[in-house]
Amino acid sequence: MDWAKWRLVPQNERRECLDGFETLAAQLDAVQSQGKGSHYWCQVNGQKADLGLMVLRETLDQLQEVETSLEKLRLSDYLVPTISCVSVTEVGLYSGKPTTDRGWSYVNASLHPKTPDKPYICFYPMSKTRVPGANWYTLPYDQRKAYMHDHGKIGRSYAGKVSIILTGSIGLDDYEWGVTLFADDPVQFKKIVTELRYIEASSIYGEFPYFLVGTKTDPERIDKLLTDQMGQ
Amino acid sequence: MDWAKWRLVPQNERRECLDGFETLAAQLDAVQSQGKGSHYWCQVNGQKADLGLMVLRETLDQLQEVETSLEKLRLSDYLVPTISCVSVTEVGLYSGKPTTDRGWSYVNASLHPKTPDKPYICFYPMSKTRVPGANWYTLPYDQRKAYMHDHGKIGRSYAGKVSIILTGSIGLDDYEWGVTLFADDPVQFKKIVTELRYIEASSIYGEFPYFLVGTKTDPERIDKLLTDQMGQ
Amino acid sequence: MDWAKWRLVPQNERRECLDGFETLAAQLDAVQSQGKGSHYWCQVNGQKADLGLMVLRETLDQLQEVETSLEKLRLSDYLVPTISCVSVTEVGLYSGKPTTDRGWSYVNASLHPKTPDKPYICFYPMSKTRVPGANWYTLPYDQRKAYMHDHGKIGRSYAGKVSIILTGSIGLDDYEWGVTLFADDPVQFKKIVTELRYIEASSIYGEFPYFLVGTKTDPERIDKLLTDQMGQ
Amino acid sequence: MDWAKWRLVPQNERRECLDGFETLAAQLDAVQSQGKGSHYWCQVNGQKADLGLMVLRETLDQLQEVETSLEKLRLSDYLVPTISCVSVTEVGLYSGKPTTDRGWSYVNASLHPKTPDKPYICFYPMSKTRVPGANWYTLPYDQRKAYMHDHGKIGRSYAGKVSIILTGSIGLDDYEWGVTLFADDPVQFKKIVTELRYIEASSIYGEFPYFLVGTKTDPERIDKLLTDQMGQ
Amino acid sequence: MDWAKWRLVPQNERRECLDGFETLAAQLDAVQSQGKGSHYWCQVNGQKADLGLMVLRETLDQLQEVETSLEKLRLSDYLVPTISCVSVTEVGLYSGKPTTDRGWSYVNASLHPKTPDKPYICFYPMSKTRVPGANWYTLPYDQRKAYMHDHGKIGRSYAGKVSIILTGSIGLDDYEWGVTLFADDPVQFKKIVTELRYIEASSIYGEFPYFLVGTKTDPERIDKLLTDQMGQ
């Protein structure tokens, strides 16, 4: 948010900008309530960004459409794009084909995730190392499977505390995966990431260029954020 | 695209900017229909860029000319240059001289590629590693040939699904090669890049600084993109 | 601080900006005097930044609130955000559960630190290395404990000279820890960091991307800094 | 070039800017025709820059003077500085003292090079690696000499096709050398850099942070570039 | 220097800006002539910066004061800060306590250096490597001492040709040391840095992120630089 520029906008124009934003937000909500996608608005902690939006759609075209609509918002004239990540949902390479209904429903949930209703979000991209002495991609399949099994066990031990949406961005964006965590208590992000860091899949083979933490918000609160204490 | 600056441009001036752009676009089309070059307009996914253009020309001078014409467009006053890559088409070092007509026509196609009519594009630069323990350039020729053979086999197995234009930029730009993939389904980009990443030519010896994914577009749709829902 | 932009602000508007800033500063002071948080204003040395603020709060939401209030200050229109770090206080992984009252009060102080009243501050983020041949996270627990013991011993030998607030930012920000030192003499920062650099926990396993040094200040002095010798 | 800003300049002011530029360019030409220096104007390919200037002078002060004159040009208000490199010409460390007249004239040419009259230019900075397992500076002199001999042999095999000006920038700029190639055909840049990359001096011990390629131009063509199709 | 912005400043305002600058410069001179500090103005070569200032003071507070005064100069509205480094003078760790008067006076000169009256300056930050296989900080003291002895010998062999001010910035700024060289001939910078690069303390254990070279100047010449050929 370019607060200085936004502050100069007259009250009635600000309202128009926010009305446009809320119309778009309502469209996203409509898509979500029809089960055709999902999204999550957040206020980002620290100086990396002010606002974040995670959008899940069935096709890249739908995603592009949302992106274009956002860019065309008059409100966007006062936003400064910082970080983005394009990725697709995936089922783990090491899970095998499900053999039970519960297995299939798990796969379905992985491929068509919904952003959970938890108040805190943590996003980080991840790649596997490919340096001499620590090359994930030259490990035998079984070794990688064993490592990912340990990894998955820790992930599952946080069930109820941390929800995870794992997406693949290899060939689509700069890093290989995008990890999005959701929790009721942000300290859980620190706990799970710390615990994972001590197992081989992460300690030896994980690269984590940056982390973003945010707080869930919604259009109404964003409206309030952008109008309260802004003078005039 | 600097949307905020563009929004302030009066309707009739916007039209003039777009007319200039469309004249240039028509010139590119003319060159293409005369078989003297080829190009591909795309809308880039994510916040890295809005629009992309890949241009193939027979000489660096022709390329420079296109670049200069683009920069002089009035529309360019509202575009922010982000990423560029200069490279030349090449035939693989490991293929040997063709011995059949079909071989020669393959070489010809490699040296004078045309951008295919597929709706999705993926571009990534690539260099070969030169670190102790993983130095592509000190490998014996036969070893490199074997590695590239495995690499080519995967590439060919995507025939019909993914079209590839490989260009060399060593000595011309920061990375050694430019890889451009085209597909009917963007998930194929993730699939082929993942599959390639597990073979030595990539796992040990490939460096991939960034990836761009986009959707094919054309001047008419760019016009629409820049005028629809932009007020006035 | 964008001094050029600030210089153009008329005297009376400058006063309004500073009044807003001082109201917020007084709120921070009130929170501090109620024992519900703590903070430290500083003037940063060198060209990395002009002003710095360290804020300790019990929840991420309270931290977010402070951040938002700061961003909404009219004065912030003349500030340029540079570096930020989000982290939580923690007790060392290697200390074990305290067995004495003194031990518990030490833990309490670590978890609920107060910024000390010392005139110099030094902040640096830190991560543990995870490269082949120097991977902190694959070391056995006892080895890490022994290394941290040596580390702690040096830290304690500076008691009285250097106060330390250690916070964890793994999973919350780009680096794994944030280290904040406070001293009566800034040369002590150089001394302790140098001494620490020769022991394994730092020499082999520490990564230190940047260092910031500053001088304690307060709202009154910031007011003076922003008004003295600024013309009009 | 900030084309958007330049476009707003009225015709007559543009002329004044260009007249100032051409006066300076004529001064450079005069110095060159007096044999007291040499320079090369180019149009840079890709989005890294629009215009480039390589200037050779006998002293750092003369170089500084040219730089200052350039910065003070009114035209420079519309140029955005991107990349620069300060270096001095040198004779190879491994050539020994010349023993023939031809040898001395070669040394002289290396120390007082003239930019050749070739239409394409390629510039890249270079450093020698100093990592464990590939440290140029700990190799014995004879080993380095042998490696540079192989390197020089390839360089000489391009005689007539590629002219090389090698300058040293160790202690003066961020990288250790600056390599400038000139050719009648830009594909030669790709060929020579590729061939060199397979020999040890480059494959193991060379670091090449970036490459710039450009086309020779002159003040008259720059004038045309900046006035043609720029409206008004 | 933002020359474009400066050019727009009316003649009389430029004079006011320069008068303010010269008042500050005179204050610095006064401090220097009282033996309470030292400084060096330079014009930086290449596009990294236009002007540089090295200031030596006895306390961080005095340094901060100079920095603040500089930032508040009206002239600073037309300067763009680029690179800064905060450090303290130090005596080598390996020299031992002096045993002679000459030794003590050497130590005194190292701790309270004066910028010498030489026309060229070279500044570079430096850190010691801490990677597996080349970790300065895990070397035994005697080994480091021997390496630094070789290093010092080369430094001393340039006595009269190159003056050195070595300052420590570990714990104060991003790199561990700041090296400032002064010479009558800038080629000496290239010579000494090259010679040093072949000995272990630098070849194996030195990291040199960037180099700056400049020419000594003074307020009068800066005034001339900023007014000559600037129109009006």
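Going in written order, the chains are labelled A, B, C, D and E, and every chain counts its residues from 1.
By definition in this document, contacts are C-beta pairs under 8 Å (C-beta built on N, C-alpha and C of every residue); 3 or more make two chains touch, one makes a residue touch a chain.
Since the model is a prediction, treat every value here as computed from it, not as a measurement.
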item: Magnitude of the superposing rotation for subunit A and subunit E (Cα, nearest 5°); value: 145
item: Euclidean distance of C-alpha centroids - subunit B vs subunit E, Å; value: 45
item: Cα-centroid distance, subunit A relative to subunit C, in whole angstrom; value: 28
item: Residues within subunit C bordering two or more other chains; value: 131-133
item: Arrangement of touching chains [line / ring / star / complete / other]; value: ring
item: Successive chains around the closed ring, taking subunit B as origin and subunit D next; value: B, D, E, C, A
item: List of subunit D residues in touch with subunit B within their complex; value: 1, 3-4, 7, 43, 45-48, 50, 120, 122, 124, 131-134, 181, 186-187, 189-194, 197-198, 200, 202-204, 206, 209-211, 213, 215, 225, 228-231
item: Subunit C to subunit A touching residues, read off their complex; value: 60-61, 63-64, 67-69, 71-72, 74, 76-78, 81-86, 88, 130-133, 135, 137-138, 168-174
